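Heads up, the next two complexes both have chain A, just with different partners, chain B and then chain C.
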Partner chain A sequence: MKIVVIVKEVPDTEAKITINGGKPDLSGVKMIINPYDEYAVEEAIQQADKLGDSSVTVVMIGDDNSKKNLTNVLALGAEDAILVKDAALAGSDPLQLAKVLKAAIEPLGAGMVLAGRQGVDHDWGMTGIALAELLGWGHVGLITGLEISGDSFKATSDGDNGKMTFEGSLPAVFTTDKGINEPRYASLKGIMAAKKKTVAEKSLADLGLDAAVVGGAAAKVSFVGADLPPQKQPGRIIDGDSVQAKVATLVDALRNEAKVI
Partner chain B sequence: MPQPKTDPHDIYRIMELFSDEERLIHDSVLDWVKERFLPLIEEHYEAGTFPLELLPELAELGVFGPTLPEKYGCAEASYTAYGLINQALEYGDSGLRSFVSVQSGLVMYPIYAFGSEAQKDRWLPQLASGKAIGCFGLTEPNHGSNPGGMETIATPVEGGYRLNGAKAWITNGCLADVAVIWAKVGDGDSKSIRGFLVEKGTAGFSTAEYKKKLSLRASVTSELFLKDVFVPEENMLPNVQGLKGPLSCLNQARYGIAWGAMGSAMFTFETALRYGLEREQFGRPIAGFQLQQLKLSEMATDIVKGRLVAWRLGQLRNAGEATPVQVSLAKRDNVNTALRIARTARTIMGGMGIMLESHVMRHANNLESVYTYEGTHDIHHLILGEALTGLAAYEG
Partner chain C sequence: MAKILIIAEQFKGQLRASAGELMAAAQQIGGDVDGAVFGPGAADAAGQLAGYGLGKVLAVDCGCEYSGDGFAAAVSDAVSAGGYEFVILMQTSFGRDLGARLAARLDAGWINDVIALEGSGSDVVASKPLYAGKVISKLKFNGSGLKVLSLRPRNFEAVQASGASAAVEQLGSGMQCKARCTTLEAKEAGFIDLKDADIIVSGGRGIGGAEGYEAIRNFANEIGAAMGASRAIVDAGWIDHSYQVGQTGKVVNPQLYIAAGISGAIQHLAGMQTSKVIVAINNNESAPIFKVADYGIVGDLFEVLPELGRQIKAARQ
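Up next, the complex of A and B:
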């Protein structure tokens, strides 16, 4: 079976990001593979191993700098990669990106697509779902378990009140949650093998897509700005000679300063 | 907490000197060390045990014999990649790096370089996959810095050799499935030295662990005893004779140590810097005081220099041109630097610095061994001294 994983790059979760003119300043911030996508990659590789006679293709929408991160994914065990890059895609919304992914994935004849449950940058959590809709495939989100047998699947997810199980038929799209597996570390052999694997680069024109439809200029939803959470005021320790005096000061502060009682 | 204004981990952007592939190898091993190894080290250090439960993961990463050919299950990576692996491993613990140095540089390397095809086919895949552990027996109770004086003797007998003698301070000795034992053949001089693959369980071969070490506690160190041990002819390494056999292995391991020491230094420096920024005395972070900044500045500078030496040595090694003198210089000075940095880190951390949970004194203690093994600090001065003057100062 051909298994496709879609991955995206997000700013390093350990980086300290500053806001400049209402927008996050990402200059000098390392881009990493979206952490939720790491579970999707691991699941794809494990499923391919289990099924036998299967291979994993990674599809990413990115830019010239994305090749490094794609190589990392290839080092983990994916067979090849498609990198869609086009300047017109800057600012495209998830539905537009799903259209682009559909065009890249459809010709591959895949049995399933795996994606992370959401990108940790905008937390939209939409791309995988929109892709399933556009492909006309089934979809189970936030999965923490997946079993394939023949053309059917059994997927589980951890709801708030217990585990839920879903059954369906392939092809399908799954988005992965934490806990579905333990993503592996790239092995030396994997890293050495990755340089011999191919990354096919595609533009919108290569995919037969129109920038006027899927480009950022035509986005229905745009990211316009961000604020850091307000700084917490330091707490105040109430001093006093006795418990009674402290309580009196506290009550006074609650009533007259905080005005909550 | 105050913020550094430069990347304290890589002021000179040294990581840019490596290929993407090499950086990826480094990052993957370092991530593993931080996430899988460091959480276990305190327990093992106190117990005086090596975390053998991590052996399959180490093998899966591919750190054993990483420069050797793919056909033996190895990655055929560059020597700079091998260096960066050592750096990442010793960021964790010198004992972890020692385990890998012995397996790769002192056991797989001589089998690969001097072994028969049958020896390579039998042992290299097993050692690469961690299914077998190896050790290297050169040092003896009476012969440390001058291995040429060794007393272990291999007497030719029908079908092979009979080995008698003892080896001291052998890393992984008790754990090993195969020991590379160096011995003089007959009653010859050091030119008669040969390497033998002695398997665990061979009659007359026994080991005993040094139990009360205050250094490298998460590494197993043992004595080996050989009493009329029969070793068949086919277990002798056929393609090397004389001291150059063991010395060329040491050259491999010393190369890795030059890198590994910088990993340890980076860890203790980073730990002290973080502590200095958080810990306040007299109403301000201690890292804001001039005396502590002098220490931090010297540590950071020394790390830049040591890493650049390792990098240059790596380039020469990749080209097959690194000389034993160059390797010796880097081993000696980078280990000395790392030891100084670990001790200084300990002082910056005050009382907290003596605690196992602070990790810096563990590094300092470990480096006392690293300073002495693979040629003591002093002996490496004599190697460079001889190269500079043409006068050997070892004896007489």
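Up next, the complex of A and C:
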């Protein structure tokens, strides 16, 4: 089975983000593979191993700087990669990106597509789900377990009311939650092998897409500004002669000052 | 005037109170409001939803607890034919999934996890946290097409139902769902979900090991709080990921957040810093968590938490 996994780059979760000219300033911020996508990659590789006679293709929308992170994903065990890069993509919304991904993925004849549940940058949580809709496939979001048997699947997900088990037929899209697996680290052998693997670069024209349908000018949603959240002022450390006394002062403050209990 | 559809949530026929938050956002945008509820029990919950003074309510039951493709397909014709400009959902496991699928199906704009709205009608501007709350962005929709929004729970002041009634339209029977929920293991009675909780108590490395979480559990049971965890103790395997608060876990917004033995890494703060009041308990007085806490106690959480539980309980009587 051909298994496709979608990855994207996001700012390092440890990074401090500043605002410049009403926009988040990412200059100098280290970009990493989206943490939720690491679970998707791991799941794709594990499923390919279990199914046998399968391979994993990684698809990313990025730029020239993305190749390093993409090679790191190949080092984990994916077979090859497609890097979609085109200056016209700047400012695209997640639905536009899903249309681009559809054009890149549809010709691959995949049995399933895996993606992280959301990018930890803009947290849209839409791209994988929108891709399923555009392909006419079913999807299960936020999966914490996946079993494939023939062309049917069973997937689990932590829902609002409890643990849900979903069933359906492949092809399908799954978006991975943390907890589904333990992502591996690249082995030295994997790192060496990745250098020989193919990264196919595709422009919008290569995918048969009109540049006018993507990018900020055609987006359905636009950013109009950004601010840092109001900083919480440090509060007070409660002193007291004993634990009982400190707690009594705290409970009094929570009840009479903050009025939250 | 815009036509607005609010997609409320229900479980076993009981409407969720977040319907009032959806109604508040709909009133901010302004327009004629209809409603929809999904899943087994939708018909019962539809009557309760009508009580918010809606034009009509769609009760959508495809015979399963959830199906992203099935639910979106079941309602999309009604959304198109109804001439709606806005669809509003909650940013829950249900709403984030259905909203994204429906927006893709109807080629609509999607702004999720909205914490505030300014202005009204088509020009409404939505505030949405980015980078797990390190930045608050402002977004607008372009064009006159359908706009789909999901609201972060507990950020809009809920409107109370007036007890009105409305016509209920049944949809979804016979729907072929491609990926459908076949079993649901409901949470145990009394379980308090992090996103609904007024009080949350979370544990970090300071609990010392998996068995140390018992102190968190005991406190939560004593005062009726939801339980959370830092990434460190989830990654260490001391507690399941579903408890994690922070950038790769849940974003929470309680009245009172108690961080016990949590140092306060930036990814954790991202998930809880909008809590109304933050209390930190840590034996390290230079822990960064004290910089965001309203009240701090430097001390041993295994002594402070049980005492705090006793005294809160006593204060309530």
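To be clear about the criterion, the second predicted complex is superposed on the first by the 232 of 261 C-alpha atoms of A that agree within 3 Å, B and C clash if a C-alpha of one lies under 4 Å from a C-alpha of the other, contacts with A are read in each partner's own complex, and residues count from 1 in each chain.
Everything below uses one rule, namely that a contact is a pair of C-beta atoms (placed from the backbone, for glycine too) under 8 Å apart; a residue touches a chain by one contact, two chains touch by 3 or more.
Just so it is clear, the model here is predicted, and its values are computed rather than measured.
Asks: Would you sort A:G52 into first (chain B), second (chain C), both or neither based on which partner it touches?
Replies: A:G52 sits against neither chain B nor chain C.
Asks: For the overlaid complexes, name the partner, chain B or chain C, with more touching residues on chain A.
Replies: Per-residue touch count on chain A favours C.
Asks: A:D121 in the overlay: touching chain B, chain C, both, or neither? Say first, second, both or neither.
Replies: second
Asks: Which partner chains sit in contact with A:G208 here, chain B, chain C, both or neither? Use first/second/both/neither.
Replies: Neither: A:G208 stays clear of chain B and chain C.
Asks: Thinking of the overlay built on chain A, is A:F166 touched by chain B (first), by chain C (second), by both, or by neither?
Replies: second
Asks: Pick one for A:G21: touches chain B only (first), chain C only (second), both, or neither.
Replies: In the superposition, A:G21 touches no partner, neither chain B nor chain C.
Asks: Please work out whether A:L134 is in contact with chain B alone, chain C alone, both, or neither, and reply first, second, both or neither.
Replies: second
Asks: Determine, under the contact definition given at the top, whether A:G150 touches first (chain B), second (chain C), both, or neither.
Replies: Once the two structures are laid over each other on A, A:G150 reaches no partner at all.
Asks: Enumerate the residues of chain A that count as touching chain B in its complex and touching chain C in the other.
Replies: After superposing on chain A, chain A residues 16 contact both chain B and chain C.
Asks: Touching residues of chain A toward chain C in the complex: what are they?
Replies: Interface residues on chain A, with respect to chain C: 11, 13-14, 16-17, 19, 24, 35-36, 93-95, 98, 120-126, 129-130, 132-134, 137-142, 144, 153, 155, 157-169, 172, 177-179, 219-229, 232, 234-238, 243-244, 246-248, 250-251, 253-255, 258, 260-261.
Asks: Using the touch definition up top, name the residues of chain A that touch chain B in the complex.
Replies: Chain A residues touching chain B: 16, 68, 71-72, 75, 184-189, 191-192, 194-195.
Asks: Which stretch or stretches of chain C touch chain A in the complex?
Replies: Touch list, chain C to chain A: 9, 11, 65-69, 72, 92-94, 96-97, 100-101, 103-105, 107-113, 125, 128-143, 145, 147, 177-187, 193, 198-199, 234, 240-242, 244, 247-249, 255-256, 266-267, 273-274, 276-279, 285, 290-300, 303-304, 307-308, 311-312, 315-316.
Asks: Would you mind writing out the residues of chain B in touch with chain A in their complex?
Replies: 3, 20-21, 24-25, 28-29, 31-32, 57, 60-63, 66, 70, 75-77, 81, 85
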